[in-house]
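Shared between the two complexes below is chain A, which has chain B as its partner in the first and chain C in the second.
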Partner chain A sequence: MEQEKRTFSQWFLSRKVQRVLVITTFMFVPLLLLVVFTYFPFGKMVQFSFYDKKYIGEMRWVGLKNYIDVFQREEIFQALFVSVYYMGGAIVQMALALFFATMMVFKVKGEAFFKAGIFFPYLIGGIAVGFIFKFFYARGMVFDTILQMFGMDIENIPLWLQDKSINNISLVATSVWRYMGQNMVLFLGAMMSVDPDLYEAASLDGANKWHQFRYIIMPSIKSIIVLNLILSISGSLSAFEPPYVITNGTMGTGTYFVIMNRLAHENQKVGLACAMAIVLLAIIILCTVAQKLFFKYVFDDGTADESKAAVRRRKQEEKRKKAEAKRGGAAV
Partner chain B sequence: MKKKSLKRTMALALVAGMTMSLAACGGNDSAAGTDGADNNGVAATEAGGGAVGGGTESGVPSIDAITVGEDYKDLTASVKILTNRTDIVDTVYKGYADQFMALYPNITVEYEGITDYEESLNLRLTTGDWGELCFIPTSVAKNELENYFIPLGDYGTLDAIYNFCEEKTFGEKVYGIANGGTASGIAYNKKVWAEAGITEMPKTPDEFLADLQLIKDNTESIPLYTNFAAGWPMGAWDAYTDVAATGDPDFKNKMPYMKDPFAKRDDMTGPYAVYYCLYESVARGLIEEDPASTDWESSKTRINNGEIATMVLGSWCVNQFKEAGDNPDDIGYMPFPITVDGKQYAGAGGNYGFGIAKDAPEENQIAAMLYLKWLIEESSIYEDEGSIPARKDAPYPDVLADFEGVELLSNNPAPAGEEDLFDNVNNYGEVGINNDDYPDCAILEAALYGERTLDEIMDEWNQKWAAGQEAAGVTVTE
Partner chain C sequence: MTQKEKISSILFSIFKYAVLIAAVVIALTPVCVCVLSAFKTNDEYAATSVLQLPQSFLYFENFKIAFTQANMARGFLNTGIVLVVVLTISVFTGSMLAYVLNRFTFPGKGLIHNLFMFASLLPGIAMQVTIYQIMYSLGFVNKLYGYMVVLMGTDIISIYIFLQFFENLSTSLDESAIMDGCTYFGVFFRILFPLLKPAIVTTLVLKGISIYNEYYCANLYLHDKNLKTISTALYTFTGPYGSQYNYICAGVLITIVPILILFLIFQKQIYSGMAAGSVKG
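On to the complex of A and B.
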């Protein structure tokens, strides 16, 4: 017995067993948290999407009916159309962020002040931003007053939240206002890693600021641009706070999330809302993969110095030159 | 170099991803509380269980058997009262207690204000040691009433004296008497309506719209303020579709079985008439210029000072409007302008009901009974709060003067086994009466942009209702 026990403790204390033990114990907590709070609820949501379910009461199995409903409902695809506004906003937001980040990267006076000022909106909660802009856009309030100061007649100022041709743009602007600073800081961080000597060298070669941006900064931060674009696009598909707080999704501003929230909470169609969430997940995955492929083609995922398209172009060019040279040689 | 920048990128991506997902989490629920936050404690009608349980008998007399000011003059006791009205517990309520203690010097009456009333009471009730008199939390089901409260009297006797007794009755015993009640109607600024030349209150939708037109023509005020942007004030229109629009306390129970409940009726009653008022006032330009940017808080002051003439909201809003400015006496409240067979109706419901602790010492129970009777019958509480008095024969407070001659009815509880039928049809069909503001918002939008007629919307609602009936497995019989 004695003998056996010792061997067990020896075996137990051996390096191999200890390593496995340490790995599993350290992994256990994060894995448990991940499973319990991420994958288990997600699994439940997938399950609910096949049921007719209210918050309280029995669930009824309905198979794929919820999914069919999602694709048959007019308002849901109208909501996806609203997301196009937010995607447009995402592009504008990134362009502005790149512009400001580039300004900051070359020494400017009061850099810290501008950086903080532009980043500040991101620190305000989404709901608070909503309330700020609710009053900003209200008839005769902040925005209208400013425009009137510049001599505009109140009769000619549109109703920012009511007029269906512009109310989505008004809402998207609030989201651009909020996230632009955060994008800028991310870009700025990436731009800081560019060696400043390059700018000097480039300017000696006669490159102006635009050239420096186009040929030094842009290629160096490709990967972060791609990342931001992917985050912004999936973010615009799931836009929620501005329409929820400012217009409550009325007057044609209901985004996918707002509609989903309404179905789940007001009409207690939890199953349908779950199905909507999963369809949105699929759409976001599709969009992300599509973008990935696109950038892989254009930018080669931001890691190579040359994109696939550029490589192909160069190769074709070389081929052509070779052929030309051959022909030229033959002629000679 | 490349490896390093890749790492940095990944770290940044991680941080960005995490902050974004965090932000998304935070957003979802913080706004949920905006609805109904102003609704101060209107007790919901509960559908009760069927079983009969006997009330416990004790030496405490029933509330109808005592005479305040004569009986128990030498009783020494103390009464502690729990209330949710933390805003007035040390002022108005303390004043009532002082008046009563002048009448009964040996009885000490003390109020305790509790924030987060429902939650706290659920815990404190079960301990038994909380005081003598409280507002019965709505979460106490009817068949549990006898576990916490003593019976105040028999239903047959008390129902003849007090309003809203059935809400806290179980097994023929009344365990709670409502602290008055509220009626549903329309808040308006009396001065503006008078200035516009209106002498008689409207009784039909068309009279109402004509009056709003008069206000638009003759005054500077906004005839009807919808508070569209807040959402819930639009949902408030649903509250008039049952009793006020039909005069039938069973309408809500019949609706799940009805074919086309939203169809237009020739005598301009029913749900259609309610939404007709909304649609037409928007279509005729009788509302605020930009409904998308309305503001609830400032609208209270604006109706008080006459910038706004009318708002369609439950009577709980009246006191808030009065307190919002210098002209409390200008605020009036009128019944919804629909007349059914020559008579106007208004939906009414009881506020929180008062209950007396079962575990308190007997002399304290008697003292609590005395105070309760004095409070609901002799104090000025209903005039102060502007609510329907507890006693059926008591005069209405000034603010409800327009309700003289209007019959107040509460919806009858749903028959046993059908308690959730209305909700099921309502939710399956997504008509959203009383729970979804969006369909009401859609009416306003349709009228504002001139996209659809009311008849088209009501047809759609009828179809949705039919779909809801089908999903809930209801056979249409009416």
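On to the complex of A and C.
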């Protein structure tokens, strides 16, 4: 008995068994969750996209009809058109973020305050943002009052959320308001990775602000800009919260996701909604591939990264050798 | 510096501060006007312009009404429970997974890594169409634990943050501990886990804020009145209070204050977490 127990614990403590144990136990929960809540529903989604299906009841095979509908139903086409507004918004947002980040890279007193103030909207929840802007845009409320202060006549001010010629722009503006600061923080982080002495040296050499921007700042952030530009394509197609919360997608403000959400959960056209999701996923994958290719062939960032990793590894190796040498020396 | 350069430098400074102040004003105005209205009585709200200061910043009646009408006590309680459970489990599962993926090589490792990366591309809201059916057949709809499981199941950000942290964590510590006879479990829990503190804080703050703000799934899976989270509780203002914005603003501010406090304390972690989460897109 005694003997057996020891061998069991020995077996348990052997490296090989321990390795297997640690790998399986540590990965079990995340993998289970990944399968149940990502890949299983993903498989179902692909399957349903070929069926006419409601939440409960029979499924009927319809082949590619759902996919054809995605490109033929007017409301979906309309949603794609709305996405163009969000794409425009994304570009404006990035330009503003780039501009303010550049301003902050040059010495600014109270930098923390400006950064925090511009960034804070990002942390406010979607529902709160929704109410804030319902209040902001409502007739006779905040925005109208501000414009009247500047001498505009209320008769000439459009209904920001109802007027179809402007309501999408109003909604996109809320999105720019919310995410610009976050973009700015990202850009600023990338700009700060440049050696600050470089700016000093450049200005001593007589480079003006524009030159500093063009030759020092731009190169340090061009990859993050391209990344964000490509992401903005899939991002603008996935725009959801502003119209969902503020206008509920009425008056022609329904984005792709709002329409999909409505088809799935209100009209119970599960098959069609799944086909819409798959089409969107295809676009996202295309964007990701484009981004990878772009980085590989245009920026050659892959190799730069690799060399960074190599340097890090070499340094670690050196450190370890030093530590070992120390330990060895002490033992002797 | 020549005279001309000095002048242009001063002009640039003026321009720089002017645009930055303008940006902060634009970023904060929509929130600040809510503060003004939240402190106004009904009569005052009806009679005065939205940009006018309230008579007193000590009139808390609207906050009381908003808090009780939207049942925010319940909302904070539910959101609190969800936060504690989901964050605790996510920190452990995320860091354990990152440990295994970073420190071991085994068949299928690359595949698993890629499966997690690919999962982050899948559009979240679209996936809920079919996740809803799974939740329904598991009997998880309208259960707080069901909602928690969904939040844990769609968590990729914390895995990213931990993976990146492990990449920069030297393996020499693990190795010497193993030479001293420590088990792999011991290495993780006794040696590495305490070192993960910065990554844990970043995960807690970023994921905490995103859970606190989460609305879509809470609305989809929790129908019961007693299962409202803080977001869905706030959303109840849509109906009855239509345009009584002094109440609504008070409600909005109640939900924003905790976030503001967290932000002031953890600014650094939030900024750095932003960068960590964005690298992979």
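Criterion: the second predicted complex is superposed on the first by the 252 of 332 C-alpha atoms of A that agree within 3 Å, B and C clash if a C-alpha of one lies under 4 Å from a C-alpha of the other, contacts with A are read in each partner's own complex, and residues count from 1 in each chain.
In this section, contacts are C-beta pairs under 8 Å (C-beta built on N, C-alpha and C of every residue); 3 or more make two chains touch, one makes a residue touch a chain.
Keep in mind that this is a model prediction, so the values were computed, not measured.
> Just chain B (first), just chain C (second), both, or neither: which does A:T288 touch?
After superposing on A, A:T288 lies in contact with chain C but is clear of chain B.
> According to the stated criteria, A:F26 is in contact with first (chain B), second (chain C), both, or neither; which is it?
second
> A:L161 in the overlay: touching chain B, chain C, both, or neither? Say first, second, both or neither.
first
> Once the structures are superposed on A, label A:I127 by its partner contacts, choosing first (chain B), second (chain C), both or neither.
A:I127 contacts both chain B and chain C.
> Is A:F106 touching anything from chain B or chain C once the two structures are fitted on A? First, second, both or neither.
Touch partner of A:F106: chain C, not chain B.
> In the overlaid three-chain picture, which partner chain does A:Q268 touch, first (chain B) or second (chain C), both, or neither?
first
> Which holds for A:L231: it touches chain B only (first), chain C only (second), both, or neither?
both
> With both complexes overlaid on chain A, does A:Y55 touch chain B (first), chain C (second), both or neither?
In the superposition, A:Y55 touches chain C alone.
> Return first, second, both or neither, reflecting whether A:A138 touches chain B, chain C, both chains, or no partner chain.
both
> For the three-chain arrangement built by superposition, which of chain B and chain C touches the greater number of chain A residues?
Of the two chains, more chain A residues are contacted by C.
> Taking the contacts chain A makes with chain B in one complex and with chain C in the other, which residues are shared?
125-127, 134-135, 138, 141, 182, 186, 189, 224, 227, 231, 238, 240, 245, 261
> Contact residues on chain A for chain C in the complex?
13, 18-19, 21-23, 26-27, 29-31, 33-34, 36-42, 44-45, 48, 55, 99-100, 103-104, 106, 108, 112-121, 123-128, 131-136, 138, 141-142, 145-146, 149, 177, 180-182, 185-186, 189, 209, 224, 227, 231, 238, 240, 245, 257, 260-261, 264-265, 270, 273-274, 276-277, 280-281, 284-285, 288, 291, 312, 316, 319-320, 323
> Taking the touch rule as given, give the residues of chain C at its contact with chain A in the complex, in rising order.
Listed in rising order, the residues of chain C that touch chain A are 12, 16-17, 19-21, 23-24, 26-31, 33-34, 37, 49-51, 89, 93-94, 96-97, 99-100, 104, 106, 112, 115-116, 119, 121-123, 125-127, 129-134, 136, 149-150, 152-155, 159, 168, 170-172, 175, 183-185, 188, 209, 212-216, 220, 231, 234-235, 237, 243, 245, 248-249, 251-252, 255-256, 259-260, 263, 267, 270-272, 274-275, 278, 281.
> Write out the stretch or stretches of chain A touching chain B in their complex.
Chain A reaches chain B through residues 54, 57, 125-127, 130, 134-135, 137-139, 141, 159-162, 164, 167, 182, 186, 189-190, 193, 223-224, 227-228, 231, 235, 238, 240-241, 244-251, 261-263, 266-269, 303.
> For chain B, which residues count as touching chain A in their complex?
2, 5-6, 8-9, 12-13, 16-17, 19-20, 23-24, 26-28, 30-31, 228-231, 289-293, 295, 420, 427, 430, 432, 435-438, 441-442, 445, 448-449
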